[in-house]
Amino acid sequence: MVRSLLANVWDGVNEMIDDTQHENLYGSYEWKHPTQVAGVPWKNPVATASGTFQYAAVRWFYDVSQLGAVTTKGVSPVPWEGNPGIRTAEGPSSNINAVGLQNPGVDHYLEDDLPKLKAINATVIANVAGHCDDDYVEVVSKLNDSPADMLEINVSCPNVSAGGMSVGTDPVALSRLITRLRKLTDKKMIVKLTPNVTDITVPARAAVESGADALSMINTLLGMRINIRTGEPIIDHVTGGVSGPAVLPMGLVAVWKTRSALPNTPIIGIGGIDSGEKALEYLYAGANAVEVGAAALFEPTAPLRVARELDELLDARPELADKLAKGETWR
Amino acid sequence: MVRSLLANVWDGVNEMIDDTQHENLYGSYEWKHPTQVAGVPWKNPVATASGTFQYAAVRWFYDVSQLGAVTTKGVSPVPWEGNPGIRTAEGPSSNINAVGLQNPGVDHYLEDDLPKLKAINATVIANVAGHCDDDYVEVVSKLNDSPADMLEINVSCPNVSAGGMSVGTDPVALSRLITRLRKLTDKKMIVKLTPNVTDITVPARAAVESGADALSMINTLLGMRINIRTGEPIIDHVTGGVSGPAVLPMGLVAVWKTRSALPNTPIIGIGGIDSGEKALEYLYAGANAVEVGAAALFEPTAPLRVARELDELLDARPELADKLAKGETWR
Amino acid sequence: MTTATTFVPTVAEATAAGFFPSRHEVEVVDNQELTDGVYRLTFRDEYIASHAKPAQFVDVYSNDPSKLMPRPFGVCETNGDEVSLMFAVVGKGTAEFAGLKAGDTIRVMGPLGNSFKTKEPANYVLVAGGLGVPPLVHAAQHIAGVEGAVSTAVFGYRNVRFGDEYAGKYADKVYSIDESEGNVITLLDRIEGELMDSGLKPVILTCGPLPMMKAVAAWAVKRDMACQLSLEQRMGCGYGTCVLCTVDTLDGRLKVCSDGPVFTRERLGWGE
Amino acid sequence: MTTATTFVPTVAEATAAGFFPSRHEVEVVDNQELTDGVYRLTFRDEYIASHAKPAQFVDVYSNDPSKLMPRPFGVCETNGDEVSLMFAVVGKGTAEFAGLKAGDTIRVMGPLGNSFKTKEPANYVLVAGGLGVPPLVHAAQHIAGVEGAVSTAVFGYRNVRFGDEYAGKYADKVYSIDESEGNVITLLDRIEGELMDSGLKPVILTCGPLPMMKAVAAWAVKRDMACQLSLEQRMGCGYGTCVLCTVDTLDGRLKVCSDGPVFTRERLGWGE
């Protein structure tokens, strides 16, 4: 049913562009400032954020293997259809999305997306979605034998095992889940946290104490818009997740607070990054690396541009660059 | 010490402008669409938001008595000095503030600000701040005998009675506080909620069940920025509260969810309003009225402009206007 | 595969290498109001002008950094290195674009999406309602160059017939109607005999409001005519990366921006 | 008390009635780069031009709706209905303003804040460092019209002396120095005798980096000279409503935008 999600991206474009030219895209670039996340080396500190990157769509724009890492769309045990109707609205300096985790399932991922990304030598973070603990267990078991470089567990999906709230809002449910997943894989496991909680350091600590190797934050903030012509919500699902520049201050504070609470945990900063300067703010807040999300919706090449800008900015900051290269952080 | 906070606003301006002309400002305006909040009539559904309105500063720009209501800066039992150093930074489509509730105290408020506002016939909402339950008790007791039209209890201040977190994040502490305050006053009591919680309907319900007559939301979201030249936070207090257009989707969702959970509770919608259209979104989300905050920082006359724009928009929406006039809401 | 416009620095090399240009700035050549709130905007972009196919669209980006999402518009006409769009002012973005003047710059990306299939000889019946007109003007322009193919425009308007002049440059016949007289189905019924007698197989290409397109699909099904429909959906990226623009089809929930905007009536299961 | 500029509709009547104009749009008359990254921007605003007093400032607003906060700049010179500012490019807003050209529009509000007190006959010693220069040029312009008062400019620069020419139009004497030679204290020491002998009481007005102003206050205290200091602080509103711009004084935490920007050394408790 969702098979064609990754097929036929621009059949029109396929006719125009000679695929053999792909390796020329941007020629080669020598990254000056690599980083490490939980011991895994990244060419540079900039990755794509899950849900805003699909290889089939992005490959026409730039050589995705040049990124620090590529985080793929959340995968579930079986294909998910996501939400019907209108899925997006605009906020001031933001996007609101209610995809509902549509994805073609982990088997498709293992056969199609992942091998293609590994074939071009990308560092791949496989993002994992689930509506109950067993969903996560099934996906993580399958990914354990795959060439994925890291796993990112998205605990922000509405989850039956946590009574319909997301597991990320309930430290007890979260501990139980991560403890279970830890036994299934030797791969470095990043737990991706939601900002829609009273104190993000509580789930952060729960995740780390249960075996997470690293944390990434933030996922989207809950939001909505209303159509003043109809008086009804623009998005059929009513609410969605807010991302983009508007969420930058909230993402920074999440990283800052978590860094203070957990001085030695690797952290990937996410939220509102659309320039090297904003990526740098996250590194100064204590992140080891960053992910670029919504910016790639508005400007396809944003992740690589951010990485290049950051590489330049780090030239003038040898102390920070040094720490990152060693897997350490500014704070 | 903080006496001069309200004195000498623009001594320069004082020389230029003849105060007797004040009543001419905008002449008179016939509001077509009033509202009611917990039975208290408002000339129109637009008020100022606490902390972004000081009569001494705003009176030069427009006739503040024309607003639906005027919410004054949070007052505490004694003068508070607030936070030292840099208190603000800019985010994309937002302001970040860390005033730390500087205010000249409730006695000054009762002698100076409040009588001046009542003298010009403004509908006044007195916002109450406290660092422990006894602070709130003292202020509410004093305000009970005052001409303030409504009280707005800001439960978002860091509070010792709630272990240093804000009372608004702890439904048990919140119930205890509101129950105590309810006994002290017959005035209509609005409880102003923070969005920095996992589920805003939990404190909302706690407040209403303990005696709140109405709710207002949202206060600011926690955020920060970093100066990439120094690597340090821009605001000396490190974190601050994010407000302005960027928070609109989060404010709307708070009102929507609370309206669904509490169909009969009066709600004042706050967050990111800078136009009549955005105010209208809140009314469609189920609010009885709105408050305009940060917009007044960037454009002093924003609250009155929003009220006028909304008055026009309601002309074409008689069903909604009717409900508001009767103290009912769209949802 | 070169372009006359300037790209953001990071894609300059990619573009030189012949890859797909990311969002980039172009110069506005002309912007005129055709009728109340409907504009025809022309900008210079050799890449888009030389590659766009009918029903493909262009993402236009606001110059206001607080309005980040792309606004998609079907390509309406191309002329040398110039691309024309037609749009109605319906919100903040289009209100801004209405104010663009020759010499201003605007950021665009395209051409995006798939296109109407117009390779076979046929009588292409271009059925549009309101702001569905632009891609069908482009279809007429394109079909004028297809050996053995002819086109018949069937346009329905609220009142002012802002697109007839442009379709008339390329289509073999142009029929139009406004709300006071009826709608595109009224017109289709009226010219049905003519279409059947033209000696060429009629193929319907259509774009417009959803109820109109559903009626057109039903009309086509009854006559067993081929029917390709160009859909609209709110988009996040416009290039296939975010899965925000889906439509329900018999093949599942597909992306309007890259699996579409064009779908056959069979794939949509419409009109059966 | 009328103004030549256009205001947002809601304040039009208020303005006509003589009240304080809220944020409004003005026309840029001129913008020139004085030295690397330092600009002199002139706009037309009869209200500000006729009311601004030295050390009062103008809030300038970005044309980018995602950058909402006001950027405060001291008025540097007024001329008929024209107002000139001088600013250094230090961030996103000033980078944008550097690109303004004659004919562009920009939104402003002002004049804001209190001012240097210059009513009494005295020798006003205008001590500025870097971008502290603009309000002191304005002070010189103002003092040139004060009966019995003279002014002596004492300016310190990093390198290029971008403000001397403007101060020279109004000040009775202009001394300046760059980093290679010393700082304003070097200059003050050098001209101390002259100041004492001038027959007029010296009154220091100063604006510049915090460490410089603290040194100037200390210098004044030692000589028991009056000293008024114009401070900077990050602002939220610029007009006294938000309490975001405070500075610690002996009278408590006061607002730079409306209790200041000018404070006496006594009130600040500096230099004792």
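In this document, chain identifiers A, B, C and D correspond to the written order of the chains, with residue numbering beginning at 1 in each.
The rule we apply is simple: a residue touches a chain if its C-beta (ideal position, glycine included) is under 8 Å from a C-beta of that chain, and two chains touch if they have at least 3 such contacts.
Bear in mind that the values here come from a model prediction, so they are computed numbers and not experimental data.
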Response to the item:
Of A-C and A-D, the pair joined by more C-beta contact pairs is A-C
Discussion item. On a C-alpha centroid basis, what's the spacing between chain A and chain B, in Å?
Written reply: 36
Worksheet item: Roughly how far is chain A from chain C, going centre to centre by Cα mean, in whole Å?
Response: 34
Item to complete: Using mean C-alpha positions as chain centres, tell me how far chain A is from chain D in Å, no decimals.
Response: 47
Worksheet item: Using CA atom averages as chain centres, what separation in Å is found between chain C and chain D?
Response: 55
Worksheet entry | For chain D, residues that touch 2 or more chains besides their own | 65-66
Worksheet item: At which residue positions does chain A touch at least two other chains?
Response: 89, 92-94, 245
Worksheet item: How is the touch graph of the chains shaped: line, ring, star, complete or other?
Response: complete
Worksheet item: In the complex of these two chains, what residues of chain A are touching chain D?
Response: 92-93, 245
Response to the item:
Per the touch rule, the chain D residues reaching chain C in their complex are 64-66
Practice prompt. Please give the residue numbers of chain A that touch chain C in the complex, ascending.
Written response: 1-5, 8-13, 16-18, 21, 24-27, 51-54, 56-58, 60-62, 73, 81-82, 84, 86-90, 92-95, 97, 99, 102, 234, 244-245, 294, 296-301, 304-305, 308
Worksheet item: If you look only at chain A, which of its residues touch chain B in the complex?
Response: 89, 91-94, 96, 165, 169, 196-199, 221-226, 228, 231-233, 238-239, 242, 245-250, 252-253, 256, 272, 277, 280-281, 284-285, 313, 320, 330
Item to complete: Give every residue of chain D touching chain B within the complex, in rising order.
Response: 1, 8-11, 13-14, 17-20, 22-23, 51, 53, 56, 61, 65-70, 109, 111-115, 233-237, 239-246, 248, 251-255, 258-259
